[in-house]
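The following blocks contain the structures, represented as structure tokens.
Paired with subunit B in one complex and with subunit C in the other, subunit A is shared by the two complexes that follow.
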Partner chain A sequence: MNKFKKITLDGLIFQNPTFILVLGTCPTLGLINSAFSSMGMGLTVLVILTLSNVLISLLRKLIPNEVRIPCYIVIIATLVTFARMFLDKFLPDLYESLGGFLALIVVNCIILGRAEAFANKHTVLESAVDGVSQGLGFTLALTIMGVICEFFGKGSLFGFAIMDFKIAMLATPAGAFLVYGISIAVFVYVVDGVQRMLRVKTNKLARENMLKEAA
Partner chain B sequence: MGTFIAIVLAAVLTNNFITAKTYGICPFLGVSKKTSSAAGMGVAVTLVMVIATLVTYPIYTYVMIPLKIEFLEIIFFIFIIASLVQMLEKIIQKISPSLYGAMGIYLPLITTNCAVLGVTELVIGDMSGILAEGAAMNIGWAVLYALFAGVGFTLVMVIMSGMREKLNCYKMPKAIAGFPIAMVTACFICMAFMVFSYISL
Partner chain C sequence: MTVKQFFKSTTFKCLVTLLSILLVCGIFLTIMHGLLEVTAEEKLSRAISKIYGKNVTTEISEVKNKELDLATIEEAYCVTSEGGNFLVKSTGKGGFAGTVTCWVVVEIKDNKISGVGKVAIDSYVGETQMAEIKQSFLDSFGEKYTDGIYYTTDDGFKVSSSTKSSNAICNAVNGALQYVKTEKLGMETNDKFKDFLHTEFINKKSTTFKMAANGGVTYNITTAGYGLASSSTIEITVSKDKIITAYKVTADGSTDGYSLKADIKNGVPFIGKNLADITAILGEGLEYPGDDMNTAVNTGASNTTYDCYTAAVFALANFDIALANIDVFENFEHLKFINKSKSKFTVNEDLSVTYALVTAGYGLASSSTIEITVSKDKIITAYKVTADGSTDGYSLKADIKNGVPFIGKNLADITAILGEGLEYPGDDMNTAVNTGASNTTYDCYTAAVFALANYDNCVPAESEGGKAQ
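Let's look at the complex of A and B:
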């Protein structure tokens, strides 16, 4: 159980694909000018990442080591093709707003990275949990930045107008770079601080226990 | 002539891959610490973009559309790009070992560069905003667009690496060193390139 807790926490915070590993930057920067499209992108990646992790983990003993990357790419490209057809048919709004970035999920480094670093060494269940938590980490990060960029850049949230005041620059790629950079800095600062606090706490506990035992 | 100028300006300045479309950000942030490696990466990406478009555009237009298998484009394209990159690596290694030494290490990374898949997807899509009125898309324009998109990519890479080399001289807090400050730098480059969006043809 502890193992799954660690995988989940890693995906959401300590190994967050967007803020700590800085992977999958192209769709992040391209889509965070709107909360709807960034959340849609996050959820699409979540589904594809989970499925690809499960499939690759199932096939990990069958795929020869020398040709593993082409095999992974075929699996991912097939999943992306399915996702594209599905969105085109059932969610045309999202399909429109994702634009070219939908096809570019194939070369999203998060998916290939997790296949290479995690799914080909772990069991199916672990890989599925890893896919969901990494995908959730990506989705949450994108949604938070999407909300910030859309609120200040367009004065709206998920397409609903809220206020007249807006800083148009934040809805352009320049603003996306700025918000992404500042978000990474804040996230790293907070996570570092929390980790330091936890370490101090555990050290203190250990010292008290030692003193007790000595007494 | 009008179409030629429009494509060159759009690909290099107004619709620059990095500053306007945000394609190819991974190498832009990852390989821009030194000017020489940034220029090498830019040239390698440009080369792969041109060759990939030269191969995928005819295959899409003359093979996939007549056979009605357009839905397989992602699988086809990524395979063509991956094998092209491998082939190019072997050819350069054989013909010019010195060029391979300068460029070879970047080649395997290019397979997963969105800029290459992005340009092959763009030229088969709707290009009416860039082409002059009445001009139809053909392989010549497609390859020209790929070439100058690569030139624009290299230009921004080199500017960025110059700024990052300067940034190395300063001490900064741990939280903003590395990616955050690189992104803020990129923000200023993007703002400078936004000026070009006022060019209208």
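Let's look at the complex of A and C:
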């Protein structure tokens, strides 16, 4: 059970694809001016990432090492094309708001990265958990930044007007870049702080145990 | 390598694996495409639902990318469940770096356009400030609809931080209105620039042209504006030899902080030039040369300078058609008494005016043809009826045919006979008009009034040598 907890925490926090690994920056910078688009992109990536991880893990023993990357790309491209068809059919508003970034998921580093770094070395279940946790980490990061950019850049939240005051620059890719940078700094600072605190606590416990044993 | 070895090799295994994955993915996507395909009807239904907020019944009109000056009409539908209104998908030109496609609901009442119901953005290409276009701007087209066909950015249909995109939307709406008016309702467009070339460079609503004193054409052009520059206003006179003889920028549309050079404002690069000269500077495509080039257009205010050059091209290229379309009776009084298309006038060297008028005809009388000369003292010096429009069995009196009651008379004299309202006195009255052919006689009097009242319109105060029409 500890293995799945670690995979989940890695995806959400310690190897967060957006804030720690800094992957998938293209849709991040392009879409975080709208909370709705950010969340939509995050959830789409979550589904595609989970499915691609599961499929690649399933096929990992059948795919020869020499052609693994082309095979991964074909699988990911198929899933992305399917996602595009699905969204166009059932969620046209989201499909329109994601625009060209939807097709660009094919070359999203997170998906190919997890396929190469995780799914082809782990079981189907572990890969599925990794896909969900990495996808959730990406979704949460994008949604948080989307909320910040939309609230301060447009004075609205998920399309609903909240206030007249706005800093228009934050609704542009340049503003998104700024928010992204600050978010990374804050996230790393907090995670580092928590890890340091945990290390101190662990060391303290170890020292106490050693002292007890010595006594 | 033998065949057997090949089939056992890694190469073969790789090929089979890759092709198998490709095949499975291909089949999967083919099936999914069949299940999830969004048909053209579904797309239309979505667009209509977005506009109306409900499903409506439509009748498809046959349109395949109809090109108009301001827009391209892509689709048009008659919305039968909404009283025969038209729903038009129109792509407006003149954006910042592209086009904006809009759905426009054109409301119809009594077979006439009664308003613009809704305007919704469908898509856009090359526009970066579309986020500034708010619903209130789109609603303003319906709220401020007037009988006139064109909306312009000068009329307030402009979003300050997205001027060019709002211009493209304006053009899309205008295109939809023009399309419905001319193609669907079969009405003549009031477009005085209908067959003109290069109209994309001008604002058709504000641009005018008239006969110049030298027999050429004087244009008062409001440009369309280019890039960041707003509209400029330019007066250009083109002589009969199709050479620019006068050029003056009366309003500089340059962006704040920029200004046209003085010699361009005064038309120095244009005066004495013909169409070939100006085209040689801009190139055959008449394209903007770019910001960092070293051409005559690249001044401190390059966009406005380009506007000035394209205005000159417009004026020169359309000389013949403008000359043929000049309404010589524009601003004339009492036009109801004459047939404009058949009447004409000539300004003589002594500044007297000779009219060859075809009357409108009154009551039972048909049109008469009358030649009238008015001296520069505004007195009739010659009057001759050359075709009598009286009803069969009636005829004008000989002295009226020869202008006896008119020669030597001024406007006040004739008005005193007809009365201030210039009304027909009635058939049974005892006035100078009541002759055997009273209706035609009335026609002769009103023709005299027309000739006398419009002397100043024929010979403007600034005219030096007179002009010939």
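By definition in this document, the second predicted complex is superposed on the first by the 215 of 215 C-alpha atoms of A that agree within 3 Å, B and C clash if a C-alpha of one lies under 4 Å from a C-alpha of the other, contacts with A are read in each partner's own complex, and residues count from 1 in each chain.
The rule is simple: a residue touches a chain if its C-beta (ideal position, glycine included) is under 8 Å from a C-beta of that chain, and two chains touch if they have at least 3 such contacts.
In this text, all values refer to a predicted model and were calculated from it rather than measured experimentally.
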Self-check item: subunit B versus subunit C as contact partner of A:I75, first or second or both or neither
Solution: second
Quiz item: subunit B or subunit C: which reaches more residues on subunit A?
Solution: B
Quiz prompt | Which of subunit B and subunit C A:A171 touches, first, second, both or neither | solution = second
Exercise. Identify the partner contact of A:I184: answer first if only subunit B is touched, second if only subunit C is, both if each is, neither if none is.
Key: first
Quiz prompt | Partner chain in contact with A:T25 - subunit B first, subunit C second, else both or neither | solution = first
Practice problem: With the two complexes superposed on chain A, say which partner A:G100 touches: subunit B (first), subunit C (second), both, or neither. | Solution: first
Exercise. Kindly classify A:M85 by the partners it touches after superposition: subunit B alone (first), subunit C alone (second), both, or neither?
Key: both
Practice problem: Could you look at A:F118 and tell me whether it touches subunit B, subunit C, both or neither (first, second, both, neither)? | Solution: neither
Quiz item: Does subunit B (first) or subunit C (second) touch A:E66, or do both, or does neither?
Solution: second
Quiz prompt | Residues of subunit A at both interfaces, subunit B in one complex, subunit C in the other | solution = 70, 74, 77-78, 81, 85
Exercise. Note which residues of subunit C are touching subunit A in the complex, please.
Key: 10, 13-14, 17-18, 21-22, 25, 28-29, 32-33, 36-38, 46, 131
Self-check item: Interface residues, subunit B side, partner subunit A - complex
Solution: 19-26, 29, 71-75, 78-79, 82, 111-114, 117-118, 121-122, 125, 174-176, 179-184, 186-188, 190-191, 194
Self-check item: subunit C-touching residues of subunit A, taken from the complex the two chains share
Solution: 59, 62-64, 66-67, 70-71, 74-75, 77-78, 81-82, 85-86, 88-89, 92, 154, 171
Quiz item: Which of the residues in subunit A come into contact with subunit B in the complex?
Solution: 22-23, 25-26, 29-30, 69-70, 73-74, 77-78, 80-81, 84-85, 100, 103-104, 106-107, 109, 112, 169, 172-178, 180-182, 184-186, 188-189, 192
